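So, here come the structures, one by one.
One chain, subunit A, appears in both complexes that follow, with subunit B as partner in the first and subunit C in the second.
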Partner chain A sequence: MAVIAEPVAKPISRFRFVLDRRDVLETVMVAPAILYVLLLVGLPLLLAVFYSLSAYTIYNPTWKFVGLANFEQILQNPTFLDTLRNTFVFTFGSQLLGLVLGKFGAFLLLQPFPGRKIVRALIILPFAVPVALATIAWQWMFDSLYSVINWTMIAAGLVTREEAPNWLGNPYLAMLCIIIINAWRFFPFAIVIFLAGITAVPQDVIDAATVDGAGFWRRNYQIILPMILPMVAIGLIFGIVFTFTDLSIVFLLTMGGPGGATSVLGFEGFQTGIVSGDVAHGAAISLFMLPVLLVVVIFTLRFIRRREI
Partner chain B sequence: MAAVLTRDIVKTFDEINAVNGISLRVPDGEFMVLLGPSGCGKTTLLRIICGLEQQTSGDLLIGGNIVNDIPPRARGIAMMFQSYGLYPHYTVRNNIAFPLRTQRMPSQDIQKKVGWAAQLLGIGHLLDRRPRQLSGGERQRVALARALVREPTALLLDEPLSNLDAKLRTSARQEIKNFQQRVGLTTIYVTHDQVEAMGMGDRIAVIDHGRVRQVGTPIEIYQDPADLFVATFVGAPPMNIVTCNGGGYLGFRPENFLPRDMIGDDGVTEFSFRVDRSEYLGSERIVYGVMDGFDSKQPITAKLPPAHVAEGSVRPGEWHRFAVKNSELRRFEASGNRSTRH
Partner chain C sequence: MPEPLARSLRVTGFSLGVAFFVILAAFPFYWMAITAFKQNSDLYDITNIPFWFNEPPTLEHIRYLFKETLFARWLSNSLIIGVCVTAITLVTAVPAGYSLARMTSRKGEALGIAIFLTYLVPPTLLFLPLSRIVTELGLQNSMWSLVLVYPTFTIPFCSWLLMGFFKALPIEIEEAAIVDGCSVFCAFIKMAVPLSLPAILTVVIFTFTLTLQEFVYALTFISSSDQKPITLGVSTDLIRGDVFFWGEIMAGALIAAVPVAIAYNLFLDRFIAGITGGAVK
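Right after this comes the complex of A and B.
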């Protein structure tokens, strides 16, 4: 009699279909991201909090707990208050300028013209250029001797060589310079936000406003802008947070000068904590921004939720 | 309120004629329906009338004045859009007030007029809500209130019922029509739905490929279609069209195509009809088939009142004697135009 091979009952592993289970798969997929955030964001933040409450310097690495003494000391330092003010001027000045430029840019790019696609692609460049390169290029433009801006103004007969502004030597002009550079870096992002927002407004709504008698300005400021405001606010949060914590432009262009006129929190924290080695005070200066940013973010998010349409 | 007149309006988009020479007269207070398939140019014509598009050539007259170069805000025309175009960030009150605010009306008067428009459309209780908190029917009323609040010279409606469900559509149809009659507002209503067109229009303009094919009352459009397009576009099922032996076409409505013994003796034309399929629709029975000796692109349809035709009497697969009264026969030339009556 022919023997028919009997199928061997293979024991099915409990784990064979484990990845088909939704909860397991979710955990596996999300875990790297959570781990990443915990290690690269959570841990340093926690460390900074510990540092700011300790008397840690690189010369005397101690975890001695000093409470809020570091914060009290930096608040009593008049230079720090200047730095705080500079940070606000720098952040809100450059965001405002960036938003205005972004809105106008978006309106220009909405108009059909030959080569619009290429311009739309090129406009993103300031955002993509490494900040170091861009700042060095700007440094040449603001240079006291070789400034191409001054040269143009002199050639156009607007100013004489003697009157030509010393961009980075004058405290107010130096602040203006870093605001301009930061706005220049930020405005392509603002253009993208505005473009996305404006194109998402239904044509019917704009047409209805036109027929209802609204001209260009009323359409823009009473219909389109309020409708895209939540989107713009999100962009603004990003801009504010990034600018508040930024030190690259100041570090590369002015080193906080002249006379501390462009020193901002990020730069000051770096100088104190890393360059001078006073880690505890550096951490306190850096963490000083946290509650401010938190308040800004919470207010903006609340505003967006109320405006949700 | 004013009459609207278009004179040979042409609109070209990238060398394609969307509107191809439309001349239309809408007298003061008339409810005119522009009926046509999608892409026939009816919405483009509407947008030209309210000023959202500029015609390539031709004249537009509102109340006897040429308004070709007058911007939308100065034309005094209101328009209601397919998806209503309500302002999502405004309350209903501010939505309705918007057209008045653009005219810089004092705010006391605005409140008064908003109250009037809201009461007119029965939306007084919704004034403090936002559009997203409203149902489709309520949104439609708000849009209508916003269109009417500044007492426009004419009202343009672009498929206003297409976002409503079937049940709501029937009542909204009645409401808009009643409302228009009460206010006596010159109204131009764009739709591709012939039920809306027949039920609401004082007159209908049937449009195809950017041209007016026929303008007339619903009865004229249905009974005496000017050409094959109108004959087959209006009516459900459409008019039966068969080729004649002597050239040209012969047309008759499905409800006039009946079994021989259901029609009287004088002045009838008999046909031999083979039934292929039949559908029972409750109030009527529709049968599909072919006619002996006649060619047709579509199956021939007959609409039978079921009370008179028992299920068994018209059997699929069999030839039957059918007939049409001569007065119900329509003849068309080979070009598609209606032959003169005889």
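Right after this comes the complex of A and C.
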């Protein structure tokens, strides 16, 4: 009889079927990540929509369907419209300020000078530090009595102690404060994006433009800017998404005050949904972010697609 | 205008510009540091010049932080959360990034973009349903809820970052291993993973710093002091009633912020390359 050795590899070969088929293996390897995201991002997103259409509170967890009643009630509340306006002012004010600072900063950092590496490291700091900790540092600088900013202005003779601004007590100044903190947080990011973009522009393109007679401004705004636009756009999209939905700066610095002057969508959703336990209305408030996010996502997709062509 | 004068004007203007940016960016940190080491009598005297020490510096605030508050506990909570989230992220994102990079079909591209877009879904949209899910799982008020939830933004981000890296890795290296008798999976483990160690290190650093920076989920899920991560503890727990202990708060903020700031500075270029995903080029 043929007692020739049974191929030892047999039990392994069944296993190898999975390990050798690229398409099967790829699916198996990407599955855990997809599942995690589906279960803890996709599912909650659906839940948020369901909550917003129900009368769910933590005291009375019912799935009673109420249609769009929550949204109607929210829109009829005049302070909500202020919240919406505040959110836009906060987002676009801080992004604009951040971009302007970023453009100038990048322009300076492009020139070689001694100590540039250290300067760059210092300028990155605001983007690196956890936002909650940065906010409380600014809170201390905006303190009503011990503000170092007021101290400096008084010492410089700009204001007297009596008329020194109460940064967080005045509605307009409080809005300015949260805009400044957020712009402060994002401008290093803008600088780095601009720098990465500008250094990626091939030098021969710039040289060709110079030879053709393009001056400084022309090179900047008609050659370099259009070339780095996709990259700047992606940076801006990040900034807009994370500012529009932010809650930490307002929560720690002003608690939406004074008198609702700095209340933003994320904060309002938190107050209603978590603090007051009215999950249905809280979810509905948060969902007002969705249209803006969708617009942003469509833009992102367009830029990513364009890159491929 | 004479040439030397114009030149020195330009140099002065340039230096002023650089100085403006450095002060704008770094002053709050200087302010944190000097507050952390000042005596209270120095801190709360408005006749003093606040920019330097009017009385000898003190370590009292730091001592208080470690002895009288839960600061050490928050530090270790953050460390545990960071390590666990990093482990979960690596186990899921490294294979995911690899297979997204190697998928040749159109489907792979779409899947990659879809995963990346979930990174843009903000916590403030998800925290209500997630807090219900966390409660259902019996994890409310526990730092393990954060270990469960933080991978929702670290996995998409890191998969995207690693996908970019694996795409740049020549497939011929793996094919050589397969010719030598490796299975496709073994080629991934023995060839692709060791070659991508720099990228994996970047992922580890960023996962860690992202967990340290997160605030919204921690605020939503956790209310007992001994379960808080460091950013939440320092920013919400060192205030008693209406009294702020600025020396302690700034000392805590400084200790938590310095390592993150250093890590970011070292890995920033990779971070930018990751999120812009080669938009230029």
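Going forward, the second predicted complex is superposed on the first by the 282 of 309 C-alpha atoms of A that agree within 3 Å, B and C clash if a C-alpha of one lies under 4 Å from a C-alpha of the other, contacts with A are read in each partner's own complex, and residues count from 1 in each chain.
We take it that a contact is a pair of C-beta atoms (placed from the backbone, for glycine too) under 8 Å apart; a residue touches a chain by one contact, two chains touch by 3 or more.
Quick caveat: nothing in here was measured; it's all calculated off a predicted structure.
Enquirer: Taking subunit A as the common reference, can subunit B and subunit C both be placed on it without clashing, or not? Answer clash or fit.
Expert: fit
Enquirer: First (subunit B), second (subunit C), both or neither: which does A:G273 touch?
Expert: The answer is second: A:G273 touches subunit C but not subunit B.
Enquirer: In this superposition, which partner touches a larger number of subunit A residues, subunit B or subunit C?
Expert: The partner making contact with more of subunit A's residues is C.
Enquirer: Using the touch definition from the top, say if A:M29 reaches subunit B (first), subunit C (second), both or neither.
Expert: In the superposed model, A:M29 contacts subunit C only, not subunit B.
Enquirer: After superposing on chain A, what angle in degrees do the C-alpha centres of subunit B and subunit C form at the C-alpha centre of subunit A, to the nearest 10?
Expert: Between subunit B and subunit C, as viewed from subunit A: 90 degrees.
Enquirer: Please work out whether A:M227 is in contact with subunit B alone, subunit C alone, both, or neither, and reply first, second, both or neither.
Expert: Both partners, subunit B and subunit C.
Enquirer: Give, as a whole number of angstrom, the minimum Cα separation of subunit B and subunit C in the superposed three-chain arrangement.
Expert: When the complexes share the chain A frame, the smallest subunit B-subunit C C-alpha distance is 11 Å.
Enquirer: Same subunit A residues contacting subunit B and subunit C, which ones?
Expert: 227, 307
Enquirer: For subunit A, which residues are in contact with subunit C within the complex?
Expert: It comes out as residues 16, 18-22, 25-27, 29-30, 32-34, 36-37, 40-45, 47-48, 51, 101, 104-105, 108, 111, 113, 119, 121-138, 140-141, 143, 145-146, 148, 151, 155, 184, 187-188, 192-193, 196-197, 200, 227-228, 230-231, 233-235, 237-238, 241-242, 244-248, 251-252, 265-266, 269-270, 273-274, 279, 282-283, 286-287, 289-290, 293, 296-297, 300-301, 303-304, 307.
Enquirer: Which of the residues in subunit C come into contact with subunit A in the complex?
Expert: 14, 17-18, 21-22, 24-26, 28-29, 31-32, 35, 43-44, 46, 49-51, 91-93, 95-96, 98-100, 102-103, 108, 111, 113, 115, 117-118, 120-133, 148-149, 151-152, 155-156, 159, 183-186, 188, 209, 212-213, 215-216, 219-220, 231-232, 234-236, 244, 246, 249-250, 253, 256-257, 260-261, 263-265, 268-269, 272-273, 275-281
Enquirer: Help me check something: in the complex, which residues belonging to subunit B touch subunit A?
Expert: Residues 47, 50-52, 72-73, 77-79, 81-89, 98-99, 102-103, 130, 132, 146, 150 of subunit B touch subunit A in their complex.
Enquirer: Mind listing the subunit A positions that touch subunit B in their complex?
Expert: 202, 204-215, 218, 222-223, 226-227, 307, 309
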